[in-house]
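Below is a structure I'd like to ask you about.
Residue numbering begins at 1 within each chain, and the chains themselves are lettered A, B, C and D in the order written.
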Amino acid sequence: MSTLEIDRVRKSYGIHEVLKEVSISIGTGDFLVLLGPSGCGKSTLLNMIAGLDSITGGEIRIAGKVVNDLSPKDRDIAMVFQSYALYPTMTVRQNIEFGMKIRGITPPERDKAVRTAADLLQMSHLLDRKPSQLSGGQRQRVAMGRAIVRQPKLFLFDEPLSNLDAKLRVDMRTEIKRLHARLGTTIVYVTHDQIEAMTLATRVAVMKDGVVQQLDEPQVVYDRPANVYVAKFVGSPSMNIIPGVLEVQGTVVSAVVDIAKRGSARISGVAVSPETARKYAGKRVLVGIRPENFSIAAGDIRPTLTVDVDVVEPTGPDTLVVFHCSGAEVTARLPPKQASAGREAALCVDTSKVVIFDADTENRID
Amino acid sequence: MNTEANSARRSHLLGRLFIYGSLLALAAFYLMPLWVMIVTSLKSLDEIYAGSFVGLPKAITFEAWEKAWGQACIGTACDGLRPYFINSLLMVIPAVILSTGIGAINGYILTKWRFPGSNFFFGMLLFGCFLPFQAVILPMAQLLGSLRLSGTIPGLVLVHTVYGISFTTLFFRNYFITIPDELTRAAQIDGAGFFRIFFSVMLPAALPIIVVSCIWQFTQIWNDFLFGVSFTAGQSSPITVALNNIVNVTMGRKQYNVDMAAAMIAAIPTLVVYIVAGRYFVRGLTAGAVKG
Amino acid sequence: MRSTLSMRDRLTHWLPRLVLSPSLVAVFIGVYLFIAWTGWISLSSSKMVPKYDFVGLEQYIRLWATPRWETAVVNLFLFTVLFLAITIAIGLLIAILLDQRVRAEGFLRAVYLYPMALSFIVTGTAWKWILNPDLGVEKVVNDLGWSGFVFDWITRPDTAIYCVVIAAVWQSTGFAMAIFLAGLRGIDTSIIKAAQIEGAGLPRIYMSIIVPMLRPAFLSVIVLLSYISIKSFDLVLALTNAGPGNATEMPSTFMFSATFRRNQMGVGAASAMMMLMTVAAIIVPYLYSELRESRNEH
Amino acid sequence: MKLTTLLAASIAFIPAVAMAEEKGKVEGIHHWVSESEVNALKVITDKLATKGYIWQDSAVGGLSGANALQALRTRLAAGNPPTTMQFLGYEGLDWAKEGVLRSLNDLYVKNGWDKALAPQLLAFVKSDDDYISLPINMHRQNWVWANKAVFDKAGLAEPKSWDELIAAGPKLKEAGVIPLAIGDEPWQILEVFEAILVDVNGPDFYEKAVIDLDEGALSSEQMVDAFDKLRQVRGLVDDGFTGRDWAVATGMVASGKAAMQVMGDWAKGEFLAKGMKPGVDFLCFPTPTATPNYKFVIDAFGVFKSDDPVVVAGQDAWAESIMDPEVQTNFNKIKGSIPARSDVPVDDFDDCAKRSFADREAAVAGGAMLGGLTEGFAAQPQFSGVYSDVVAKFFVTDMSSKDAVQSLVDGINNAR
């Protein structure tokens, strides 16, 4: 059993409040990703879970036990750092053994644990090297090995992949995923990279200015972002946010947007509850459409909107098509060679995936 | 095309000539005093008084060295520099170890265990680096007297340690600040405590700056004259005081060759330290003694 | 909630401060208490031994009415400016030359660095000879045939201070060189390549691109050299003994002779306080910037 | 000899030796570090050893004793004074006023030392009613040392006035000889100046201007004259005088490179060490004047107050060693000076010393015994310091005599 409950936790340095009443709760085996830009408080929160930073208010419970006043070593956690934090004067083996030595584990047991971890991470041949003789990816493995031998209730990762190059980052990501699958330990993982969050997490907490914006499964966060901020932060290219007006005609709810020089276009059948629709009828809203929810109007299907294509960016599997709508720049992900710059394009929208936000609060309305 | 290549080669050659020429000329300037000292120490006194100061000796003799080491008189004690050399060693070794050790742990605290006011404390400490020591001799003498340490080598060790802390703390603090805090955090999570982290993680990683600190302290303490002459007497004097007594004969015929040999003897330990460890000194300076 | 802290955790909390406290006490006594003591003496009528009365600023007035002190202050200023300028210039030059991938760099570096290892109690006599016109450079050059060559600075009161500068530069350039060399090695060589492609010559690259990049090294060198120049005591004593005719008197030698030779302890303490204030005027802004910087790091 | 008596004798002997070893130590700070000085000091310490005390040497050389004074000051501040300390000039009196010196009245009275010293000397040995130091010797400061061969060759005789001495300059220069050997250390220059001051203006003026620091005398025309003379003397000196040790200057006279040197009689040892004989190879005569005077410098030892009876007994032994007539004779033969005691026979001293004795007697009778300014026997150090500042500056620059007098007056007033 290794649950983590973060209960109305606050952190402030003097008058400067870094975390404002954060509450997160995850179950055993969960992979929680704290996602947000730098300065959002995610690393502070992680350090507080680890016991490296003090808690100003609220409670943190690991496996049901309040750990607020426990020192890091008594919290039964392990942590992997962005800079790996390998002890530079010790060999890989000594690095991994260091914590066990302090806990007074006998040499044979230590040796066994090191072996197991080394096999798991395929680094048995590196054990007698110094950190300075290792590549970035190898150091990352050692750092993870050091965490694994601890057999903690909770793994903490602080942006572990951000010092690696792009290729290695993808490989290590898979490695971490595999590790999680094999060990089944609860993990808290801090990153600013939304792809890592999507690929790794079972739960994502998107943070901004010390406040959790949304805490949910990654797919939910992606499909139903809680607000414009989350919508824009998750996904690449990010969700298009187009100003528009909500129209209600009977049971059909539509979002009306402007298209330059061509008048208005109507996106009909937006999934909004009748009460909300009544409340927002005729009001200004923000319409959120993911790029992949556009498609080319083919055959006799009537296009939702016809636009003048501004720029075309082929990525290989898809082509990104950029145009303007209600003054906002909009990107659509289309199959290759279906549109070209300066020409017009007739597009359909998967209205079931369209998300509507309040124009003022920028929160999602259902 | 060919002429261009030629002129390029010529200008390159001229450039190298300029570089080596300047470096060698400067080297000659820097070696001059050493040359004078060595040459003089190998001459006989008669040759020197006959007017040969800078030139090569006509006949090399080590008489002056023997005399300086074992026979030269300071007051009525004619044991040469030997006992004072030992005094200096007895003073410099504990003082270097103590001041470097304290500086290391101070630097560790000031970077990895900061607390409110720790920066202010560091500032206070740093100002101590720049204290003109003449200003503190008398109060220090009173303090040593009340500690019953006046006139003793332990007393000197204490003084050098106190005034060495400022510099060594500066060295270590600036070095440790370049070591990521994550390292101490990782060790904390591994269960290491305050001292364990210091001895197992920080200290082994601080080797370059330990060398810098030791060299600096060694030369400062070995070469110190002011504290030595103020706080010791007679047989417990360090070598610089003994050297001064040999060299600064107020009334009498100067034995320049013995003076120079004595000066060389007094300089040998620091010279050796610099020649052996000078490389590390420059490297250590890069590594954080001076913030780049 | 605090009460749940165990004894051990509380100890851990206070341990750093506890370990630091002996240093704090030592520095507080050895530096600040003693400075306060000197300050007090400077306001007393102390002559031969400390006297704890109060005479106001009398000793300071006496100090500034002493021509030798004026000489000392002027000398310190002149010396510091020249010493800093020349040491930095030569130190930088050597560092740049050494950075051109020369042979025997290690040996050369040791040659430039070794004077730092020696005290002036050791080398003073050698320098005295070298600078003496009858024994040193002038004689050697004259003997080589240039009979018109004159190098008698040390004998003339108006130039003797330059001899002190020469010897001081000799001792400290190695240090400046080491710091500059360290700075140069830290500079990305692609910058030089980029500038070469733009068509700039090597001297120009150094003057307008590399040297400005060494700003932090300059700061360190300037602070440390100012410190050396204010403390230059052995140097003057060994080389000129403040002569000829007190022409090379410095505040440190003045303070020493007032306190220990002339029974003017109050005046000596006043001069010490003046020195301390000068040091503070240089150091405190430096410390302030240094510490502010580190606060930003956190 | 029977075995038993031998045994008895040795048994009786052993405790005696052990006793002698146990009696204690006498620790002294002094600034005698040169070979002849140290050999002279050994005469005293050997005597001390026969009394059962071990000499513990704390020599501190350099800076004309300033380093030694600093050492004493810090030792006193630390409450850890030495047993005894060498004093020059007013130093002993100053320390006596601070109450740290032991009064030696009992020893002086018991041994009759008070009657053995010249009255002018007593001024430096006695503080108020207490005898506080033990003079070992008396140096005469105002000597001229000359190379006889050079003098003969140039046809020169002992000059009768400073003008005569200065007039000899061009002749000597023509002969390729430096007329006057000197170094640029302020004290060497001051030796010459104070000689001029008294030789030209008379002992009374010296007393007013130097001892009493009378402002009228300080700013008088006579003072200007003395500086004018010093300016002329500057013309007798070569350019290489920077950083020249006085002993090197003496060596120049001995070798014939220079003709004369104005220096105290500690210079004599340099000539004697080279095997030269007074009157034959070198000449000694007082600085030329119409008003004969005797400038003295004494080395004396003070002892510090102590509650420890062992230390006090050691001090007694030390005092008796210093004042021992035989010690005074042997010490001074090596040091070049004459005994501080006036009642010691002088027949086996050399000619220079004999002349010194004769002149001393005359000076004592004629009231021309004067303390040397340079060594601190005429004015407190803060005042003699001003003299040496001004004179040294005058000597090495182009300062005018009037300006020199003015800065002398200002400096003395500032130091008052």
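The criterion applied here is as follows: a contact is a pair of C-beta atoms (placed from the backbone, for glycine too) under 8 Å apart; a residue touches a chain by one contact, two chains touch by 3 or more.
From a predicted model like this one, the values you see are computed outputs, not experimental measurements.
Common partners of chain A and chain C, by the touch rule above, are B. By the count of C-beta pairs in contact, the leading chain pair is B-C. Comparing the CA-atom centres of all chains against that of chain A, the greatest distance is found for D. Note on chain placement: the centre of chain A and the centre of chain B lie 56 Å apart, centres being C-alpha means. Between the Cα centres of chain C and chain D there is a gap of 38 Å. The geometric centre of chain A is 92 Å away from that of chain D, both derived from CA atoms. One inter-chain figure worth recording: chain B and chain C are separated by 15 Å, centre to centre, where each centre is the mean of the chain's CA atoms. For chain A, the set of residues touching two or more other chains reads 71. Counting only residues that touch two or more partner chains, chain C has 12, 50, 135, 256. Counting partners per residue, chain D has 63, 70, 73, 77 as the residues that reach two or more other chains.
The residues of chain B lying in touch with chain C in their complex are 15, 19-20, 22-23, 26-27, 29-34, 36-37, 40, 53-54, 102, 105-106, 109-110, 113-115, 118-119, 121-136, 138-140, 143, 161-163, 165-166, 169, 177, 193-194, 219, 223-226, 240, 243-244, 247, 256, 259-260, 263-264, 266-267, 270-271, 273-275, 278-279, 281-282, 285-286, 290-292. Residues 47-50, 62, 65-68, 128, 132-135, 152, 154-158, 160, 237, 240-241, 243-247, 256-257, 260-264 of chain C are the ones that touch chain D when the two sit in their complex. Interface of chain D with chain C (complex): residues 63, 66, 69-70, 73, 76-77, 94-95, 98, 184-186, 189, 238-243, 380-382, 385, 389, 392-397, 407, 410-411, 414-415. Taken in their complex, chain A has these residues touching chain B: 47, 50-52, 71-73, 77-79, 81-83, 85-90, 98-99, 102-103, 146, 150, 158.
Those residues of chain B that touch chain D in the complex are listed here as 49, 73-78, 137-138, 141-142, 144-146, 150-151, 229-231, 233-235, 241, 244-254.
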